[in-house]
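Think of it as A, B, C and D in the order they're written, each chain with its own count starting at 1.
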Amino acid sequence: MTAALSAPDLAARLEKEFPGAIVESNADSLVVDSVKLPDIASFLKNTPELDFDYLTNLTAVDYKEHFELVYHLLSISRNHSLTLKTRCYDRENPTVPSLVALWNAADLQEREVYDLFGIVFSGHPNMKRIFLWEGFPGYPLRKDFGDGV
Amino acid sequence: MTMPLIGSDALSYAEALPPDWPGSFWAHIFFWVILLILFITVIVLLFTWLERRWLGRLQIRPGPNRAGPFGLLQPIADVFKLLLKEDIVPDKADKWVHWLAPVVALAPALLVFAVIPFQDGALLADLNIGILFILAVSSMVVIGVFMAGWGSSNKYSLLGAMRTIAQEISYEIPLVLSIVGVIIISGTLSLNEMVKAQQDVAFIFVQPLGFIIYITAALAEVARTPFDLIEADSELVAGFHTEYSGMKFALFFLVEYAETLAVAAIATTLFLGGWQGPFLPPWMWFIIKLFAVFMFIIWVRGTLPRLRIDQVMGFAWKFLLPLALINVVITGVEVLAWPDAPLLALGIINLVVAAVLVLLMSKLFKLGGGRVPV
Amino acid sequence: MFPFERYGKGIAKGMAVTFKHFGRKWITTQYPEQKLNMSRRIRGTDIIWVRETCIACQACARACPVGAIEMQVSRGEDKKLKVDFMSIDFSLCIFCGLCIEPCPPGNAIYMSHNYERTTYRCTDISAGHEDITPSDKRCNELIVVGDDLEMAEGKRKSAYGRPDEYEKLPRQTLLLEQIQYLDDMRKKWG
Amino acid sequence: MAFKTEHFMLNVGPQHPSTHGVFRMRFTLDGEVIVDLEPIFGYLHRGIEKLAEDRTYTQNIPFTDRLDYLASMTSNQAYCMAVEKLAGITVPERAEYIRVIMSELQRIASHLAGIGFFLQDLGAFMTPLLYMFREREKIVDLFDMVCGQRLNYNYLRFGGLSQDIPPEFIPALKKLVNALPGFIDEYDRLISENEVFLVRTKGVGILSREMAISSAAAGPVLRGSDVNWDIRKSNPYSVYDRFEFDIPVAKTGDSFDRYWVRLQEMRQSVRIIEQAIEQLPEGDVQAKVSRLLKPPAGDAYVSIEGPKGEIGFYLVSDGSVKPYRWRVRPPCFINLTTLRDIIIGWKVADAMVIFGSIDIVLGEVDR
């Protein structure tokens, strides 16, 4: 069975490494500060007993007052998983650091999130729209899409 | 005078006229030109029908069966469809080249049949250098194909045409060398004489390696699977004739099948004993063998995937060419050392040699190359 | 061990396989003449509505993911709901069958067992309209209203979500069973 | 003498015979060698994720059919399992077994189509494709029997199935399962040893192990690259822990290995189905679930092993009848992450082979 790592335990450990980075942690997910995200992700990937080498799924959710980015991480060698989240409160110019350097899988999925939510991933080598054409008005998966029409 | 169009009567009529009789020269030419054009058209129509039917049966489906009994009228329907289609010339095409290409391709494909004997002496021109004529003329088709690829101003067409040039020129060489073995044994360049030399044993048994090389190279010459990368539909859409429609496409279609027909006819003549055969009239034997070769080609097409361009070229230069050269040398040595050997004995020796050579060559077969660092 | 491989053995094997298929029965059917029995649960290209048993609850209209069903109801004099207008837009319908399941009486709406909606002319889809070449008008042709939705000659109810209908329908022809039709066809079409 | 050469652009698709739909690639070519590649998506983008936010949970099941239309059953299953996790529904055992049978049949059907089209891209004119479609047809017939359609099944429901399997299903399935291994052997004979096939696929388009993991490749693409990872084994969902089966893993990660893994997986699927038929219990196929499901607020991510790879659903509920966020983890789309890296340096002809060996369905890539 793929064991879901206990987020509070991990949070305690991460708090030691990165003080103040953990925003919230509940039973199944860990919410971190978006500024510290690359450091934490790199720690998760490179620490031998964590070894999260596989970024299964990357997506975003629009909670109206903020965007939440969800990263489902998996360790193939240790067979455990973690849900990592980060938040982005800026609606006009949402920016989150990109994780392409760590997991290549983030490449297309970050572009997809950019296309449909308008969240810019700083450091992504090719931040262009992917499904819709350049110049498409608005970002369809935002909850306020189409409100102004 | 009534003139039956096809049949042994017509053929003997053509034989009966002495070529040096004034006027009969032209009568002979005229008769044969009409006969050959009819023959090619009818056989090509039959070939398209046969290809689709036979391929269908290999693929557990019936194939075309609506138009006429057994779908026999399907090719006619296709011809009408093609004739009625709009003839599209792309805007940026080189109009003259685009128009001329099918004609340039068609002419040499038809010319080949001038020297193919349908039965003893029944041919348009019994050239004493018949086989050289075929080789010279058939390689001209490439020009038409390249004109089509260039004139269409389409990148797929151009890629297809470039592949054509590379492939067809490379495969000329093993093709010619594989025929040289037959020439050495029969001691003549005239196709009619070659068929006569196969009175007892067809050359496929005497020159097994030559036959394998010939068929492989010929498949490449006429761009049939596994060498159909000229028009590789999954890569280049349709290769050089991507931009052709209607009548001009029909001409290319005709060229393609006429070439296949020519190749099958040459294989029949050189290796399968031409019109030789018991019971049936000779021309019928010729046509039966023609269809047998064609069905083999279709069968190969129904089974094999296609090669890549560098593999195709490598195969010609690294495998077929050495094999063909060795074959020529061995045949020459045999004929010199044992001039009046029974052909069958030579055949057995050659078969063993062929098997050993093919097995040895298979050791050189490498997988997995082809990436170019960029 | 034979020290050689890849001398053409694989090609020969493959060609043997294709040659074997030459003698096999073919598996395609000659469609307009040869028709197979569809699955008894087929979600055919029609929906059958039964006015008599319909209790005008609009469950089907609410279940439809694409909003193809339109139903207007009103209370009659006897305080019972009755359907004033019912239409299904078959240009929207995705034939998912979700409208069949929530039906409370369980016998007011059926998928049909018919699967052929093709015609030679667009005017044949629904009679009486001859000037319907523009595509926007053609879409309207696919909105089927009221009585046309009900059972008619040639229509057959499918057993999708309706087990009662199951035994009434012919057995499905499975390719797996290589039924007689293949032989018949072979004789007929050579 | 050095020739002055120029790179040129070749636009492949969206209407190209071997892009498996409306995918588009822009090659930069040096002769026939690909020096750069830009994949262009979105020609089949229907905004399913947005549409789903406006529909109830049940109404979204037909949309999952339209993602990977060659493997609707597994999409159905992944979505239903995600909703079941969100709402805490348990599925009756019989339904779980039928789900397993369906998803394994679907795996065989999808792999048959995948291999068939792959060989078609290789230039084997229609023959392997038609042979494989013959078997796929038999499987699709069975799907037709249980759910009434051949492509968009819409068969699974939250807490079970829309209806039980008909009585003639199991005999037909047994017949199919008995015949399938023979046919798979025949495919093996038809092409696996073919020299032309080997020379085209062996060593072509190698996806290294590190690259495969880092790019989150899934399914046969991942297992072709020497990663022993199958969710059915590593995180047994449904009743997969009750069956014996192996995970075929290949070493080099080339096109041939991806093909080989698919072929072997079909054999394993047959094994699973055989065991599932034996163990199939009697009973109900549908748990009691409200028609208008209102899962409690929260989120859930469930992924299962689909034929193309890990298909997952991430659902966020706000307690209403409609999902707040409905996200698919599309295996086909994510498998394409590596496309550029493994194609560059090969020739145009290889590009089609490599692309075909990844086996994508555009409905899922673009959604």
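Everything that follows uses one rule, which is that a contact is a pair of C-beta atoms (placed from the backbone, for glycine too) under 8 Å apart; a residue touches a chain by one contact, two chains touch by 3 or more.
Nothing here was measured: the structure is a model prediction, and the numbers come from that model.
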### Task
Please work out which of A-D and C-D is bridged by more C-beta pairs in contact, and write that pair.
C-D
### Task
Return the distance between the CA-based centres of subunit C and subunit D, expressed in whole Å.
26
### Query
When the centre of a chain is set as the mean of its C-alpha atoms, what distance in Å lies between subunit B and subunit C?
49
### Query
Measuring from the mean C-alpha position of subunit A to the mean C-alpha position of subunit B, what distance in angstrom results?
62
## Note on the structure
In subunit B, the residues touching two or more other chains are 58-61, 302-304, 365
## Note on the structure
Multi-partner residues in subunit D (2 or more other chains touched) are 127, 131, 134, 190-191, 194-198
### Message
If we use the touch criterion from the header, which chain pairs count as touching?
### Response
A-D, B-C, B-D, C-D
### Message
List the residues on subunit B that touch subunit C in their complex, please.
### Response
56-62, 65, 69-70, 299-300, 302-304, 358-359, 361-363, 365
### Task
Spell out the residues on subunit A that touch subunit D in their complex, using ranges where they run on.
1-2, 29, 53-57, 59, 61-62, 70, 72, 76, 79, 83, 103-105, 107-109, 112, 116, 130-133, 140-141, 145
## Note on the structure
As the complex stands, subunit B meets subunit D at residues 55, 58-61, 155-156, 159, 225-226, 228-229, 232-237, 301-311, 365, 367-374
### Query
Can you name the residues of subunit D that touch subunit A in the complex?
41-42, 45, 47, 49-50, 211, 213-216, 227, 229, 231, 234-236, 299, 301, 303, 310, 312, 314, 316, 324-325, 327, 329, 333-334, 336-338, 366-367
### Task
Flag every residue of subunit D that touches subunit C in the complex, lowest number first.
55, 58-63, 65, 127, 131, 134, 137-138, 141-142, 144-149, 152, 154, 162-163, 166, 168, 172, 175-176, 179, 186, 189-198, 291
